[in-house]
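Two complexes come next, and they have one chain in common, subunit A, joined by subunit B in the first and subunit C in the second.
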Partner chain A sequence: MAILTFAPLSWAQKLALLWLGLVVLAAGLAPVLPLPYRPGVPDLAHLAQAPFGPGRHWLGTDPQGRDVLSVLVFGARTAMLLTLPAAVMAGLLGAAAGGAAGYWGNTTRLAAPWWLLGVGSTWWALRLPVPLLGLVVAALGLGLTLATRLYRRPVPAWPVPINAVVMGAATTLDTIPRLVLVVALAASTAVSQPVLLALLTLTSWPYPARLVRAQMLRVRALPFIEAARAAGVPAGQIWLRHALPQALQPLRTTLPLSIAGLLALESTLSFLGIGLPPDVASWGRLLATAREEPTAWWIFLFPSILLIISMLSLNALGRQRRILG
Partner chain B sequence: MLIFSCTSNPNKSDSIRIRWVHDPETLDPMLLPNQAAFDANNLLNISLLQADVLTKELAPALAEALPAIQLVGDSLMKLGYRIKPAAAWDTGRPVLASDVEFTLKLMFCPGLSNEVARNQYRFIRAVLADARDPRRFALVCQGQAIEYQKASGEFFVLSEAALDPRGQLRRFALADLQNRPAAAPPDSALQALARRYVAATTGHISSQLPGCGPYRLVAWEKDRYLTFQRKPHWWADQLRPVPFVLQARPRLLRYVIIPDAATATLALRRGDLDVYPQMPAHEFARLQASPAARASLSFYSTPSYDVVTAGFNTRHPALADAATRRALSRCFDAAGLLRATQLGAGQRSTGVISPADSLNYNDSLALLPFDPPGAAWLLRQAGWQRAGQADSGWFRSAGLHGGRQQLRLVLRYRADESLFATIALQFQATAAGIGIPVILQPTESGAFTMALRTGDFDMYVRVLKGNPFMFNFTPVLHSSSVGISNSTGFSTPASDRLIEAITTADTRVHRARLLRQFQALMQQEAPLVPLFFLPNRIAADRRLRGLHASSLKPGYSAATLERGPSSSPTP
Partner chain C sequence: MVRLVFWRLARTGLAVWALASAVFLLSHRDASAALLLAAPTAFDLGATHTAATPAQQLAAQRAVQQRLGLDRPLFYLSRNANPRIGRVQWHWNGRRNQYHRWAAGLLHGDWGTSFRTGQAVPARLRAALAYTLPLTGAAAVLAVLAALALAQRLAAAPWWQQPLRVLLTAVHALPLFVVALALLLVFANPEVVAWFPAYGLDQSPEVEASAWGHLATYLLHLVLPVAALTLTAMPELALQLDAALARELRTGYATTARAKGLAEPAVIRHHALRNALLPTIAQVTELLPALVAGAVVVEVVFALPGMGRLLAEAAAARDYPVLVGGVLLTGAARLLALLLADLLYFWADPRIRWQS
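Moving on to the complex of A and B:
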């Protein structure tokens, strides 16, 4: 059995961990921190105010009079609440899809009633023409499934091309640059925080899926999997309990990198004005307001520093090596 | 910046380049959805009378003189016009009274988006052509309002020969079209005409309407630029002297669409732009303080008739009562916003009439206070109750049918304007302070226009553009314009009567009295919250001459611009 051990952290990685811990702490405590201003409240008496000027704006204000310090702190919260869940959800989705594709390939077979149930449900869920027809087909599938279990009659089974479907979808998503894809989707729908979270998740799962699939191809041939099969353990149980935990190892390394990528993407979207609503604090949006007041260096400098240090820290953690012994 | 770099004209001295914030969307002379569309049409077409920025009055353009007024009985007015003999279409065919009559009929032709023009020119009931002189005609107006003399000549005259070569519209009288019921059976000739008009006013520039204006549209890249080329032989060149409103000096006028203010400033400083109108206050102040900018640019500032307003969608049940609207009005810090965004320039107002218009402005009304506690008190008076938890919002019973209304607002504004964003954020923060959730929806310019038309908003922030000549509030606040240009959907029988009385008032004093009543009524009903009048700020290349900064929209004269070796700013 493989044992996971961590290599000792370098100084750079310790510093990275410390910085990210601070960001997470600030994000978590943002609502209770004694900040002089809330992030969405404009101070009309101090628009584009330089740091340490009048009005207790320690890091200045943006052209709308919002306190830069508050926006940075709450922007960290936005980043954490958006990019971390998106990275985890994209990882889980990718792991499930890639793991299934790698373990079963295109060879697994599914009984016809299950096919009917799946096709009918999908038909109905996607609201294809005559959605009721989808429900009828699904109901038929369910009925046949119950009937076959009851009477123990053999039913025809058809192959399910899981690998082809997963890799086809991943390749399709990979052919369009992620920024372009998210911009196009965000432009066609009203963007709120949950919608943006869903968009980031749905466009970020192919990379973890590929990694897990590749690992699963190796894991499924290992002796302990063969042993489990020989012992008569059901395939689903082998996949979930024995194969998948092993195939997930690469994700632990790539999670920080995935968060860094999503942080950059969210900031880019906010910078372009198509990400979060205008009243949600965001480092990218704060950077964008520098265009309105090009001489206000503080609007550009502080969020840039935070973004750069956070991205470098995440990259440093991502480089940490794991040793499989 | 990238967009501009791709579109800038290499031959800079040949053209005058002016910044527009957004695309005109359409050049349909009967629709004119925004100021850019109006400015473009001013170059392509001519109306009988046009605004003269020098005198700040309407001056004859196609018409030889201001119309001669003849009162008929106590309810009709005849306005006698004659078109300038030199006036001609591009084909050489003269502009005649029949073209004016055709244009007026087109405003009532079914199948066209002419509802705004319809409401504006309904008072013209007939066109009486002079049998001996095809250029002479009289407009018969319903009522004897003093505004009719000017309002009757403000529409762009279109060519009958180009749009209706077989004269099929001639068999309809103007009154027939005006009184035509909506359910009338379709007429094939009218349908064909509507199709021709739509084809000529939409799509590619090659299908544009032939105009009698001094310029031709030669390039239009949506959301990038429009280029207008002066006609080599324009009919007004024969006039001696050429009246100010008919002067057309630049050979090429290029309107460059740059939504971002900072990018436009960069373009101006790089010399890729010659005129930057409606410059934001902070940019303006920053450039004025820069010695390098002062050396290359001229700065102009005048008052304007543009008022920043917030509007309520009165069709929504929660905003249908005046008390709720009055309460919400108190959440706008107009004084603070004026100081912050206009650096103190501009002027607060009690209504949509400029305080500079001392005759008509109702100075007995108090300015709207910024008073969040007062807003909360007024909400309680309007039947709203704060929910148990502080951030749960306000609710009230929906009346006989039961259910509960929640005070929850969606505030739309044009995304390309940081002034609107500041106003929206201020309102949202204040409203949040008294427990009203407000969702901000910055919206692209075209989508914003559509949202206002379809009523897809609770509140909006925009600029209403006015002028000192006419006070026709029919398009903005009359019941006949609901669903067309009355975005708030507000109307009451009393306000309708007052609007109609204002447009038909027969003396200035009477009209002023009505206008004061109207302002008081609007403050009471509060469908709109006038925040402040904007100043008109323009920065332009120092070598430009003939800019003539003015309070009249668009704030300068594009057709009189000339590039000289050096110039001194015109105050």
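Moving on to the complex of A and C:
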């Protein structure tokens, strides 16, 4: 199967994988690593101290007296816990939405009883006036569905504009640059780590959705889908088991790039002081303190080197795969 | 053609409106924070001569609420929990709500007033754009020109083709704020070289300076931000154009041109370039909304009072009218970009011209 075969890795990719593995390992083991200092605890006796100075601050301290090494390790943890789930969730959401939009388009029809069921249960769930009415409508829809199953009568069906809805939502989110959108939305809500994760996911799904939709439009017309239809496989099963695995191909190559984009976005947000609360360690926030102390080269150098190598590794993974696959 | 462009503009216009509405509703849902941040200005007036009793404080808070228009319900419908019956109820608010007031004001050309300064929103946006547009415009023009020049040289396959491609890819991977910070810490740092000022464009200049002096300081302030923006925007354009040119040079018409005896630069410039430009046009028009929104990062790093910093500060200070105004303006820029892209395609590709 195509998904399980991997192209041979070049040496640059092996290096990249090695580096990313190291970062992930350090991030995962951060709480148990034998670090001399915790990230949030300032050492007021050693402010803005150069590396290898007194006090076991191997990579120096920032102007608030926080240990650079532990901020780096815990910053990697913050970055990993935000970008990895956000990229995966955005990919899944985009795959589901784009896959449905590409496979069914605007023309798929849903029988009237299902519509009744949906409208009725939404009515009840939102507690619109007289919620009991919603339950009655939903029950009517359910009854009609069962009845049509039993008697096999043709019922009127109305089209569901899946494609229009998904593409409209994607266009809406794409109208302004992602950074500006996240800044505007982060202002409106009290931001914690889960909220920021949701925000990043919600603003990043349109790109994978477009990719999967484009691929699905191609896959839909291939002979094996036709064969599955002719064999009488239900439409939902064809979509999930046969079409979607093929349509997910482009996501395999763009996942590292998507993680790289999210890493840049996350560190930019914390550099600007928007998003995560100030006591959460992050590379961007450490870089922001470099402006207060222009002489402290170590505050700028170490996090930016980490960030740059990580970005280059992710890019190498994404780029090489695209050429090979 | 005209109908197609019209429908695309209409769809995007609807999307802009939906996005601005979503930002408006989401932000105003949390109006108490805006009240807290806006309230001290009102309290400072009252607290100087009377010790505020709780009743007075409440009255002052009400006054602020009324002044900002936050006393009305948010939307046509509101959903509030009714403790008496023990479940939520929907309530129809009629046209006396914040959203209706904002939308109606917008249709009459009233963008609202800033919560923080009491200025009209268009005035603040205009003041910020006066700083942002020269900065980002210069960066965009430079980036496009540099990309055009580099891609044409690269297509001729000199010995430095591969190293430069690797370098461009590496620069492309860097986040903007790292580049900006590196430039700041190297070229505006008394410890290294202080060739350029690090901040201070918005501070009042010396009175005795002449017009040329003003211009010189202005340009000196813009060098580093423009350099940072150009460096991060250029690689993507150059790499894309380079790939497109390489593709076009393998086609039959390029071979024909070479067989006629044309030199390689002439083949690139007069035959391949125009066909390779089509995807780049889309990329360049993508830059336009980013131009208006300003490079948030660069303006924060170099302390320029532009659009991006205005939006970031409005977000931090919960100054919602400015925030929503900025989102709308950026959306308008996107509309303009779409129109421009279609016109440019029309100019660049005769096939599109003949079909319509």
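Simple rule for what comes next: the second predicted complex is superposed on the first by the 272 of 325 C-alpha atoms of A that agree within 3 Å, B and C clash if a C-alpha of one lies under 4 Å from a C-alpha of the other, contacts with A are read in each partner's own complex, and residues count from 1 in each chain.
Definition applied: contacts are C-beta pairs under 8 Å (C-beta built on N, C-alpha and C of every residue); 3 or more make two chains touch, one makes a residue touch a chain.
Just so we're clear, the structure is a prediction, and the values are computed from it rather than from any experiment.
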{"item": "First, second, both or neither for A:Pro294, with subunit B first and subunit C second", "value": "both"}
{"item": "Which superposed partner A:Gly65 touches (first subunit B, second subunit C, both, neither)", "value": "first"}
{"item": "First, second, both or neither for A:Asn106, with subunit B first and subunit C second", "value": "neither"}
{"item": "Partner chain(s) touched by A:Gly168 [first = subunit B, second = subunit C, both, neither]", "value": "second"}
{"item": "Partner chain(s) touched by A:Ala45 [first = subunit B, second = subunit C, both, neither]", "value": "first"}
{"item": "Which partner, subunit B or subunit C, touches more subunit A residues", "value": "C"}
{"item": "Contacts of A:Ser10 with subunit B and subunit C, given as first, second, both or neither", "value": "neither"}
{"item": "Partner chain(s) touched by A:Pro277 [first = subunit B, second = subunit C, both, neither]", "value": "first"}
{"item": "Touched partner set for A:Thr122, first subunit B, second subunit C, both or neither", "value": "neither"}
{"item": "Touching both subunit B and subunit C, residues of subunit A", "value": "190, 273, 291, 294-295"}
{"item": "Contact set on subunit B toward subunit A in their complex", "value": "260-263, 280, 282, 286, 333, 336-337, 339-341, 415, 418, 421-422, 424-426, 428-429, 432, 439-442"}
{"item": "Subunit B contact footprint on subunit A (complex, rising order)", "value": "38, 40-42, 44-45, 47-48, 63-66, 190, 273, 277-279, 291-295"}
{"item": "For the subunit C and subunit A complex, residues of the former touching the latter", "value": "11-12, 14-16, 18-19, 22-23, 26-27, 29-30, 79, 87-90, 169-170, 172-178, 181-182, 184-185, 189-191, 289-290, 293, 296-297, 300-301, 308, 311-312, 314-316, 318, 320, 323, 326-327, 330-331, 334"}
{"item": "Contacting residues of subunit A [partner subunit C, same complex]", "value": "127-129, 168, 171-173, 175-177, 179-181, 183-190, 260, 264, 267-268, 271-274, 284, 287, 290-291, 294-295, 297, 300, 304, 307-308, 311-312, 314-315, 319"}
